[in-house]
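Across the two complexes that follow, chain A remains constant while its partner is chain B and subsequently chain C.
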Partner chain A sequence: MKALRGLGIGWLVLVLIFLLGPTLVVLVDSINSATSFPSPFEQATLRWYRALGEHEEFLDAAINSVEIALASSAIATLCAFLGGFALSRRRVRFGHAISTAMLSPLFIPEIVIGLAILQVLGLVALPLSMLTLIVAHAVFVLPMALRLTLSGFSRFDFGLLDAARSLGANPARAMLAVTLPILRPSLIAGFTLSAVFSFVNLPLSMFLTTPRTATLPVVVFAYMESRIDPMIAALATLVVLIAAAATIGVDRFLRIRILD
Partner chain B sequence: MAYLELDRITKRYGTATAVADLSLSVVEGEMLCLLGPSGCGKTTTLRAIAGFEHVDSGAIRLGGVDVTDIPPEKRDIGLVFQNYALFPHLSVEENVAFGLRMRKRPAAEIRATVAEALRLVQLDGVGGRLPRQLSGGQQQRVALARAIAIRPRLLLLDEPLSNLDAKLRDTMRDEIRRVQRETGLTAIFVTHDQSEALAMADRMAVMDHGRIVQVDTPARVYDNPAHPFIAGFIGQANLIEGRVVEASGGTALIEAGGLRIGGHCRAALSVGQSAMAVIKTDRSRLMRGAGVADETTVPVRVTMRTFLGPFVSFTCENATGVKLSALMPSADAQFEAGESVLLSWRVEDCLIIPGVA
Partner chain C sequence: MARLRSGASVSAWLLAPASLLLIAGIAVPLCATIWLSLSPNVLVHFDGKGLGNFQYLFKSKYYYGVIIRSLRIAAEATVIALIVAYPVALTLRRMASRRASAVGLAMMLPVLSGPLVVVLGWMILLSDGGPLLAPLTPYIGRLRIVGSETGIIVGIVHFILPFTVISLASVLRLIPENLVEAARSLGATPLEIFRRVLLPLSLPGLLSAAIIGFSLAASSFIAPHYLGGPADVTLTALVAQFVLATFNGEMAAAVAVLLLVLMAAIIFLLSIAAARSVRT
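After this line comes the complex of A and B, so read on.
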């Protein structure tokens, strides 16, 4: 029994090291004073973080990324809410096919989605813009929002809407006064997860950004094509911290379950 | 003039007919129990009255106005659901206030009405709690308070006691009846439990396969079931199917499995038609020795004896395999399983009703 438990804990530690180890290495790199990269640890410093401040292109790209993440997640969450409601309320004809289609970006390679969207935009002669980028991201993150929303609706008692209507609420008011507040945790969780996925996405953005709409991952990737230095490690660390803070923050402080 | 009138309503789901050409009148201020086995269309009927199901044909009139095409939120009908359907994100007070908020009543009036509704269901003091912090019985009271707070024109209750344990069920049954009397609301109470219906109803409507088979006071339905289905469904009775051999005035004689059984009848019967003798088990008794005048006596063998506290229930069988039961006070119940005895009842306790086609 005891030996088995020890084995289990050992396995857990291995998995955690495997998952978090690379991130920790990057974090250490970002505060290493050595100028070549990678190199053994010399001395702790924040100079790479200060250096970031001199690269305005990173800040501009970060602002783009945040805007795109917020806008695309808002669209995806709204679609997931309405779609989840319709798919869960009663047995819909082809309901399973519809939800599978809405979840499909999950298992189609992002490069394929990016290429496909680029081609379609070309066909209908729409130029690349912030809007097309946001819509593409919304499609890409929809599965995250939809999965959390569907799981929220699976616990939702649609009889509550009948109760609301018998008390004088028309369908729209019943939705606002009952469905929305009860689904709120799922929607916030879906929104947060979508925003994080959009924020860190590279493959899709590579196809669909212009110099003006370049996102942070795209700019970082372009920068790294010419050189790799500890400043990138500092930037990567910041991105990881922001994404982790958003997810953990919502999970812990709003007590909305994303992380299980 | 009926307050609520269901005029030949029909509701189909695909090829299945849930409610079939059903007509029913409810008088203002009464509590009508809609009684029937599970799946007979009670919920569908209630949902049609509330406006959630659109009937395929027929009309629903409330207070003389045709409401058939009015959406549920404009009908002013209070509903109490089987699973309570309380809003989990709102406190007890907010739940009860919901209907008043939707009606945009002034805050002071809402506060007063909510307090009064909670007092009526004896729930003052828990207004700030969330539904999940309440017991089943308390949740049921909140559901009732929420429905009556809007001063509905009609109160509908769909098996409101079925999720409660037996003891609480009796208390809540009396509570619902008291609240309905105190508010003077017209109510329809749906149940599949005959004792609930008998105890609560001013009048009861017995339903089977989407139709109403009898509407009357509980006592009259109990004593004079109009249909074999009701005879089997309400009260415990010996039901003996046979054919009419004599019929005159208010009495009839039927032959069934070698037995000749006489009794009184209300419907006109003709010789040769199929009929059923209905004898309540508590009017049947076992005895030893010879029969008694004015009683029908059947020699039987006791197959089972079940002690029920104040009563003992005997299951018996006669030589031709007809099964009969008798429910006797424990003091008079000195008979054992396997014993050969006489099962008898007074002729006037036997009702002969027309059989099923």
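After this line comes the complex of A and C, so read on.
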């Protein structure tokens, strides 16, 4: 039995190495002084990070990406909170169908969502804008926000709302004073993970950006079409740090247990 | 009665923003794409609306090959991911909630870092003179992974693995330890416990992990783009080609609709199997 458990742990470690390996080599190569890429490690340097500063297009694109990530996640989290409340509080007619519909973007390729939005705008002759991108990203991250919200509501005692009502709170007040604070960790986790998912997504935005609204992944993709160099590794490292901060925050501060 | 109705209408109002988002962001746009997929274009000529574009895709040897390749790659990647993920999920089952969840989140780190970062990592690791393959060259010769179907599969397995582990582990963790203990006290070996207790009880979870894995694999765009060769075009890459290279919106729409229909058919079959496995 012991041997079996040891094997299990060993396999888990191998899988973790497989999963984290590619990200780790990017971190290492971002501080490698060798100019040809990729190449064996020579000396540690921060010059590639400094080189990033000379490329304004990355910064502009990052600002677009942050705006889109925050706006779309805010919309998705609000929709997920209200919808999740309705779906969890009582048996809604077609409740199962509705929650399936809300999770459906998970099963539609991002590139198809992007294409479909491009084509509907073309048919009604509307121009591409930041709003287009925000809607596309909000739809895409809705399942993520909804899943975390629903698991938050599954531990929520709706009797508390009746208590608040009987003490004289109106429904809106009960929602703000009781439901919102209790659900806060799930909502913040849903918002954070949604924002990161939106921030790094390429296929959704690929057809929907203009030179003015280009997102960071779109600009990086265009750059990587012509070449890859250590500067891209430096940029990638910064993105990994954002993702790592988000995961650690969700685990440590919000204490969200994704497996339960 | 009045109270009940008002409760239902409150629910409707609460669901309105999400519904509106789904209608504006998915339902209406998909209708536009379906409409365009039925329309003639510079490549395929026919009158009015029809299925001509789809016939064309199936009849052309090249496009038929793309369809088969996409399904094959997605299926292979899903099976590999499930085989790799199952023992991991079994190990996570026995861990405390806190630690298991932390491991799950660590596994999500590459997903959250984004596919471009991960693909860049694979291009470094698997390049011809890279740290993984260079030491092996004297023994197995020059092995080409980036630019081949194997490269695509490595990339996709890597991407879907965290999702399959998490969905399997959350099902396996629901199986009460008492059952396993009971089987053990009745003299079952670890293999028998696995075959007669854990596997049957986790079958629905296995199938739902397969659904998630397959749909993510079939949706994947960046791994095939960078890790595959020019001959390894998949359906998602084909959509991008029709939009960005040949500006043929109708054909792009047809490929997109075809991809959705194929995915829906396979997800449907898997969910029927999942429903059956719950009943028996």
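Just so we're on the same page, the second predicted complex is superposed on the first by the 251 of 260 C-alpha atoms of A that agree within 3 Å, B and C clash if a C-alpha of one lies under 4 Å from a C-alpha of the other, contacts with A are read in each partner's own complex, and residues count from 1 in each chain.
The rule we apply is simple: contacts are C-beta pairs under 8 Å (C-beta built on N, C-alpha and C of every residue); 3 or more make two chains touch, one makes a residue touch a chain.
Everything numeric here is computed off the predicted structure, so don't read it as measured data.
If you put the two complexes together on chain A, you find that chain B and chain C both fit without a clash. Of the two partner chains, neither chain B nor chain C is touched by A:V218.
With both structures placed on the common chain, the touch criterion links A:A116 to chain C but leaves chain B unconnected. Contacts of A:P105 after superposition: chain C is touched, whereas chain B is not reached. Seen from the CA centre of chain A, chain B and chain C lie at an angle of 90° in the overlaid model, rounded to the nearest 10. When the two complexes are overlaid on their common chain A, residue A:L133 makes contact with neither chain B nor chain C.
Partner contacting the larger number of chain A residues, of chain B and chain C: C.
Contacts of A:L187 after superposition on the shared chain: neither chain B nor chain C is touched. Applying the stated contact rule after C-alpha superposition, one finds that A:R90 touches chain C and leaves chain B untouched. With both structures placed on the common chain, the touch criterion links A:A62 to neither chain B nor chain C. Closest C-alpha contact of chain B with chain C, superposed model: 5 Å. When both complexes are aligned on chain A by C-alpha atoms, no chain A residue touches chain B in the first and chain C in the second. The part of chain B that touches chain A in the complex is made up of residues 50-52, 71-79, 81, 83, 85-89, 98-99, 102-103, 146-147, 150. On chain A, the positions that touch chain C within their shared complex are 1, 4-5, 8-9, 11-12, 15-16, 18-26, 29, 38, 40, 75-76, 78-80, 82-83, 85-87, 89-90, 92-93, 98, 101-102, 104-113, 115-120, 122-123, 135-136, 138-139, 142, 146, 171, 193, 196-197, 199-203, 206-207, 217, 220-221, 224, 228, 232-233, 236, 239-240, 243-244, 246-247, 250-251, 256-260. Those residues of chain C whose C-beta lies close enough to touch chain A in the complex are 7-8, 10-12, 14-19, 21-22, 24-26, 28-33, 35-36, 84-85, 87-88, 90-92, 94, 97-98, 100-110, 112-125, 127, 130-131, 158, 161-162, 165-166, 169-170, 173, 190, 211-212, 215, 218-219, 221-222, 226, 236, 239-240, 243-244, 249, 252-253, 256, 259-260, 263, 267.
Listed in rising order, the residues of chain A touching chain B in the complex are 157, 159-160, 162-170, 173, 177-178, 181-182.
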